[in-house]
Each structure stands twice: as C-alpha cells, then as structure tokens.
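Next come two complexes, and both contain chain A; in the first it sits with chain B, in the second with chain C.
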Partner chain A sequence: MTDIKNDRLILGDVEFTSRLFTGTGKFASKKFIAPMLEASGSQMITIALRRVDPTADKENILNYIPDSITLLPNTSGARTAREAVRIARIARQAGCGKFIKIEVITDMQYLLPDNHETLKATGILAKEGFVVLPYIMPDITVTKQLYDAGAAAVMPLGSPIGTSRGLEMKPVIKMIIETSKIPVVVDAGIGRPSQAAETMEMGADAVLVNTAIATSQNPALTGRAFALAVEAGRIAYLSNMTGKKLYAHASSPLTGFLRE
Partner chain B sequence: MSFMELVDRFETFDFNEYFQSVTRADIQRSLNRDHLEPYDLLNLLSEPAQGFLEEMAQKARKLTLQYFGRTIGLYAPMYISDYCSNHCTYCGFNTTMDFTRTKLSLEQIECEAKVIADTGIRHILVLTGEAPAKTPISYFENTIGILKNYFSSIALEVFPMDEEKYRILKKAGADSLTVYQEVYDKKIYSQVHPKGRKADYQYRLLTPERGAKAGFRGINIGTLFGLGEPRTEAFVSGLHAKYLEREFPDVEVSLSLPRMTKAQGGIKPKHILTDTRFVQFMLAWRLYMPRLGISISTRESADFRDKLIHLGATRYSAGSQTDVGGYALKANDATVQFEVTDTRSVEEVSDMIRQSGYQPVFKDWEIF
Partner chain C sequence: MKINLNGKRVESKSKTLMDLVLEQGFDLTSLIIEINFEVIKQETWQDISIKEGDNVELLSFVGGG
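After this line comes the complex of A and B, so read on.
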C-alpha cells in the first residue's frame, strides 16, 4: 500500500512535503506573502531576480519571505540563454541559494518560453552546481534533452502565464509525466484549485501557482484552497484510482463465453 | 514592412465616416471578443462606445490584473538638457523660445541621481531636447555610465537616432526607449514641425523600430493629444503599438497619453482630450492589447491618477521635476517642458498606490 505519510518530493538535496509551489509576483502587498505561505504550507516560492533590490530595506522582497522557505529565483526578463545564465549567477551572489528556475521568454504577447535557449542555459547552470528547474513549452524531446543536460525537474506550462485557462496542454503534459525521468512541476495557467487537483491526479509531481493566489481578494485563503486541492489530487494519484478508459466497458463482456 | 506602409494604407480611409457608422451592436460584438482586430479598436474608440465605459472598464481591469497583477511600476524623469534646435510650435523647449538653456555636467547629473535614488526610485527616464551638437552620443554614454550606479533601469527619451547609435547606448546600459510621434496625421505633423530635424515625419515614425532592432527591451510610444483628431490618433497609436508587438515579440511595448490641456508655446490645442475620452482610449487600448504597458505621467492630476490605477494603468511617474536640474540644483528660473499637476512625493504616490490595493514596484529590471 502507498505510504502517503512519507510522500516526499526531492529536488536537489531538499525534501518537500508540500507539492504546491508559489510565487511572489502580482501581490497587492508584499505583506500578504508570509500569511499565504503559512496558510498554504507551500515550502518553495519563486521570485524574479529583477525585482530583488538588496539596497532597499523596506522594499526588498527577500525580507518578506520566512527563512524556512526555499527560494526559487527565476530569470524573468531574460531573452537569451546568456542573459539567463548571468541572472542566475547574480541570484546566487545575492544569497538566493542554489535553485534556479530558468525562464527565457522572447514572446511578450503570449509570454511563451523559448525551449531552445532554455536548454542551453540549463546545460551551463547545471554544470555550475545549480539545481535547475527549466520552464518550458511542453515537449517530450526537450524534456529528455533537459534531463541529459542536468535539469533537476522540468516545468511545462499548463497554459500561458496568467490566463487561468488550466491544462490546455493536457495531452502533452500527460505524455511528459509518463516518460520523464525527472520530476514534472506544472507551471502557469492553473487558475482554480480544481485544475490543480486535476494536474496532480494525472501524476504531476508538483504545481506552481502564482497569479490565481496573488491576485485573489484573500491570498491566504486561496492559497489554502490550492494546497488542499494539490493534496487531494496527489492522494488520488497515489491511491491508483481507476482511470478513464478510452472505450466502453461492457457489463456483459463479449469474451465471457471463453471459459477454457 | 515598416509601420510607414501601414500608415500609408490608412491614408485614404475615411475615419470620420467609419466612426459615424458604428452601432451599439458593433460595440457589443467587439466587447465580447477575446481577440480584437483593428476594426474592434475603432468601434471601442467611437462616440457611442462611451455608453459602454463601465463594461469596458470591468473587462480592462480584469485583463490588467491577469497580466500585471496588483502592481504599479514607478519611475521618475530626469531632464538633463533643454537645448533644442526644433521648431515644434507647441513646445516650451522650442528653439525660438527665449530662455537660458541648461545642460547638466556629469557631476550635476550625479547630484540629481543621488536625490532621486534616495526616494527609492530605481527606474529612471532621461530626457533632453534635440540638439546633437550640444548633447553628442558621448554625453549620453557618460550619463548612462553614472546612472548605472544608482538605477536598475535606464530609459531614454531623447532625439531620434540611427540604429547604430542606439546600439552604442544600449551597450552603455540603457534598456528602454520612449519616443512620441506627437501627431500621426501627416498634414498636421508638417504644420507643427515646420523645419529642423524633426520635420522628417518618416524618420521619427520609424524610430521605435530602429530602437527595437538595436535591442532595447522596452519601447514606449504615443501621440500628444491636442494636435490631431483624438480618436484617429488613438487608433493609429494603438495600431503602431500592435505593429511593434508583432514585429518585435521580445520587446515590451507601452503607450502613454500625454495631452495638452491649455495653450503651450503660444498655441491653443485644437482638440482638447476630455477625461472621459482619456479613460475610453486607455480602456480600448487595454482590450485591444492585454499585455500593453500603459504609463501615466504627473501631467495628470492626483485625483485623476488615483482613479486610473483601476483602469489598466501599469506605470506611474512620481515625484517628478520637469525642468533641468529640478531635483538637486533647484534652479527656480529653469523652464519646464510641461507643468506637473500631481506634485506629490514618491512616498505619497506609493502610499496612494498601497491604499488602492496595489503594490508599488520600484525595481523591475536588473542591469547586467
């Protein structure tokens, strides 16, 4: 029987009991971040290095995140592998730890990631000892290549950032989950707890939710709702529930006469 | 295809006739669409669309929250020279205006930078008039070299340059470019820019494209409302922004709505842009381009700016001085390019943003 109590996600050498990753962008106030983390139990939060200002006490976002939380700095704003690598190095120097979410976007209209540049940056940063989580357009081949390049996990998008459209890329994400040798963290587009539950039920290892939580009227409460949904989806996955079948399951089987 | 070809295509289009033909049903249809086409933008800019302002506002607010969250970026302008060889009939820096011109030394620029940075501002917009002989490329390179020590993003609102020069400034550390066409109507453009470098309509029109090709990551454009017919100007501005978004997908495109509210430089604005239309245009642009940045300057009053936070605005200037050396040098006799109406400090504007349920974002870029 599956041991739900000891269910852990391990990235780098860090163990996570919560499979809900959150973000720091889009909040009405940075003061909402800590209560949201507490209510949701999220243990990993992503933060855009472009918004980190170590010289500003009051406005330094790092001061609003409890020490117990693992930081996942991201390279938002990078348009090339080269820029992503430079941002990652600055993040490490700024004391943001060894995790890095590679985000290379050259399309400002839909904010879709550039897999090619992301793959290049992953190879470089993994060799430098970073725990690399690349944000990608769902693609099985790229997932394999990222694994070879040393990625610690892969972060395919559910639908474009901020759209709350849920798992529009479901069929491909499903294939990635089935074939990936590294954890799959579905990032972007998850707008409702039910969508998070669906993602986890499919077998994703974690989800990252930012916009839906940060822009809600009550980020702490919304964070809690997502946490419960993620947990429910995870347990459902572990319980090995009967999945959907592609064909009807006749109650009087056609082959029932074969009694040999 | 350059944007000039698109402008030429609309040369024979009868805007007035189209605007008059727009029905309430047309507007409702445009409002219901997820992806808007240019004719939808026209519908939303039309007179009858003012009857749908609340509906437009609700949708615009939702889209803005979705893409930008509850945040407002902050920046401040820094005027470093008011030498200008242009003849813009509507501008206080116009070459024929008789006042003592100033150009800041690098030491003075550093003094200004310190004062602005002390307020918490990390995004700076550098402005000059158009006088390449007085403010050559090396002056800008040196200025950027100093500002890099104080700011995390440096934007330029200086005279149009060739792509090569922009590359030099990009390499020096500038990341964004602001350039206003002033007026898209060619005939009016010639009337208000009778001579000088700025008389070349096409060179100015293609400036944002040259900037994008040179690698600037942010391009801010706009028309100066007051010169041309407002709805047409708002439409072509929107079209220009969309063109840039499509041609240069890696560039963050934004629009501003500077407007003349009273006689400037001796000429009375032909078309006053009312508050209602101002809001209507902002909303129409937001629905047309959900990812568009919208900057609101201190030309607008405090009361009005407070309301615009909920209507699609994404960036505010704060604590602005619009005269050369206005922050640290306090030269009382300096000429301002435009009067600041919202005179609140950076802290006061930030407090207002917080009270409105939004987060003021001081730093949103990293020079590297």
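After this line comes the complex of A and C, so read on.
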C-alpha cells in the first residue's frame, strides 16, 4: 500500500511535506501572508526583486515570512537569460538561499515565458549550485533539455499568469508528467481548489498558487481550501484510481428478486 | 560627480555608499545594493567609495509570484 504519511517532495536537499507552493504577490496587506502560510501549511513561497521605489511601502517583505519557510526568489522582470542570472545571483548574495524560480518573459500581453532563454539561464545557474525551478511554456522536449541542464524541477504553466483559467494546457502537461525525470510543479493559472485537485490527480508533484489566494477576501481560508484540494488530488493519484469508461458499470447488482 | 542610480544619471556629493543611501533617504533594513554588477554587503557600505560613472542599483525584495 502506498505510504501517504511519508509522502515527500524533495527539491535540492529540502524535503517538503506540503505540495502547495505559494507566492507573495498581490496581497492587499503583507500581514495576510503569515496567517495564509499557517493555514495552508505551504512550506515554500516566492518573492521578487525590484529597484527601490522611494515613494512605496518601505517595509521589508522578508519580515512577514516565517524563518521555517523556504524562499523561492523569482527572476521576474528578466527578459534575457543574462538578466535572470544576474537577479538570481543578487538574491543568493542577499541571503535568500539557493532556490531560484527562473522566469524570463518578453511577451507582455500574455506573459508567456521564453523557453529558450530560460533553458540558457538554467544551465548557468545549475552549474553555480542553485536549485533551479524554471517556469516554462509546457513542452516535453524543453523539459528533457532542462533536466539535462540540471533543473531541480520544471514548472509548466496551466494557463497565463493571473487568469485563473485552470489547466488549459492539460494535454501537454499530462505528457510532461508522464515523461519528465524531474518533479513537475504546475505554476500559473490555477484559480480554484478544484483545478489544483485536478492537477494533482493527474500526477503533478506540486502546484504553485499565488493570485487566487492573495486576491481572495480571506487568503488564509482560501489557502486552506487549496491545501486540502492539493492533498486530496495527491492521495487520489497515489491511490491509482480507475479511469473513465464509455458505458455504464452498475454499482449495485442489477439482478434481484423482481425478475429473472 | 555624476553616477547612474537605478538607471538614472544623477548628481551626487556622497563620498561613500553609506552617504549615498542616507543622501537619498532610503530605508536601510531592506536595501540590497549592487555597484557595477557586484552586490555590496551592508557592513562595508561605509568603506565603499563612490566614483564618477558608477552604476549603483538600490534594490529590495517585494511581493511576487
């Protein structure tokens, strides 16, 4: 029997019991972040690096994230591999650990990632000892190339960032899950717990949810709902549920005492 | 002296990096500073001289997904 209690996701040298990764973007107040982490049990959260805006809120976001949480700095704002590498190095030197989510985007309408530049950045940063999680346009060939380049996991998008449209890329993500030698973390577009459950049922190793939780009226409660959905989906996957059938199969005996 | 500060060319009278940060009125606790593509540790800010044409980036972590 599958041992659910000891089910772990290992990335780099860190073991995660929660398969829900979260993000710090778009919260109405940073004060909602810690209660959300507590309620959801999420153990990894993304942060971003920006030029200081003297007119903006000066409070350090890191003060709102408990020390037990693994930080996943992203390279948002990078348009080339070179820029992503620069951001990653700054994040590590600034004390954020060795995890990095590579996000290289040049398409500003749909915010779709540039797989070519992402692959280049992955190779460079993996050689420097980073635990690299590249955010990609779902593609099985690129997934294999990222594995060869040293990525710790691959993060295909479900649908464009912030759209809550769910698994629009489902058929390709399914192929990635079937063929990938590294964990698959579905990132972006997961807008409802039911979509997260569906993703995990398919065999994804984790999901990353930011917008849906952060923009909810109650991020802690929404985080909890996502956590339960992720867990249910994961257990369903591990239980090897049977698939769909074209014709009905009775759940009760159809022969009885009323007729032969 | 002119330096490039967060992508803009600005006039500065600061001799050290610490002077520059105080001159610009930035919060020290969350600041990450890169000069000419090299991250400078906070404990050395007072010892780092600012030179004409330096590319100084003042950065901090923010919310992001």
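We adopt the following convention: the second predicted complex is superposed on the first by the 236 of 260 C-alpha atoms of A that agree within 3 Å, B and C clash if a C-alpha of one lies under 4 Å from a C-alpha of the other, contacts with A are read in each partner's own complex, and residues count from 1 in each chain.
As a convention for this text, a contact is a pair of C-beta atoms (placed from the backbone, for glycine too) under 8 Å apart; a residue touches a chain by one contact, two chains touch by 3 or more.
Keep in mind the model is a prediction, meaning the values are calculated, not measured.
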Chain B and chain C placed together on chain A: clash or fit? clash
Note to self: Quick one: is A:Arg50 in contact with chain B, with chain C, with both, or with neither? Answer first, second, both or neither.
What the structure shows: both
Item to complete: Please indicate which partner A:Glu178 is in contact with in the superposed arrangement: first for chain B, second for chain C, both, or neither.
Response: neither
So in the superposed three-chain picture, is A:Ser29 touching just chain B, just chain C, both, or none of them (first/second/both/neither)?
first
- So, A:Cys96: does it touch chain B (first), chain C (second), both, or neither? second
Examine A:Asp107 and indicate which partner it touches, taking first as chain B and second as chain C; both and neither are also allowed.
first
Counting only touches as set out at the top, which of chain B and chain C does A:Asp148 meet: first, second, both, neither?
neither
Q. Which partner does A:Thr215 reach: the first (chain B), the second (chain C), both, or neither?
A. first
For A:Glu38 in the superposed arrangement: first (chain B), second (chain C), both or neither?
neither
Open item on the list: With both complexes superposed on chain A, which partner does A:Glu83 reach: first (chain B), second (chain C), both or neither?
Closed with: first
Where chain B and chain C land on the same part of chain A: residues 25-27, 30, 48-52, 58-59, 86, 90, 211, 214
Listed in rising order, chain C residues that touch chain A in their complex are 6-7, 24-27, 29-32, 34, 37, 39, 57-65
Residue set of chain B touching chain A in the complex reads 65-71, 120, 122, 152, 217, 245-246, 249-253, 291, 354, 357-359, 361-366, 368
Listed in rising order, chain A residues that touch chain C in their complex are 23-27, 30, 46-52, 54, 58-62, 73-74, 76, 86, 89-91, 93-94, 96, 161, 188, 208, 210-211, 214
Within the complex, chain B is touched by chain A residues 25-30, 48-53, 56, 58-59, 77, 79, 83, 86-87, 90, 105-109, 111, 162-164, 211, 214-215
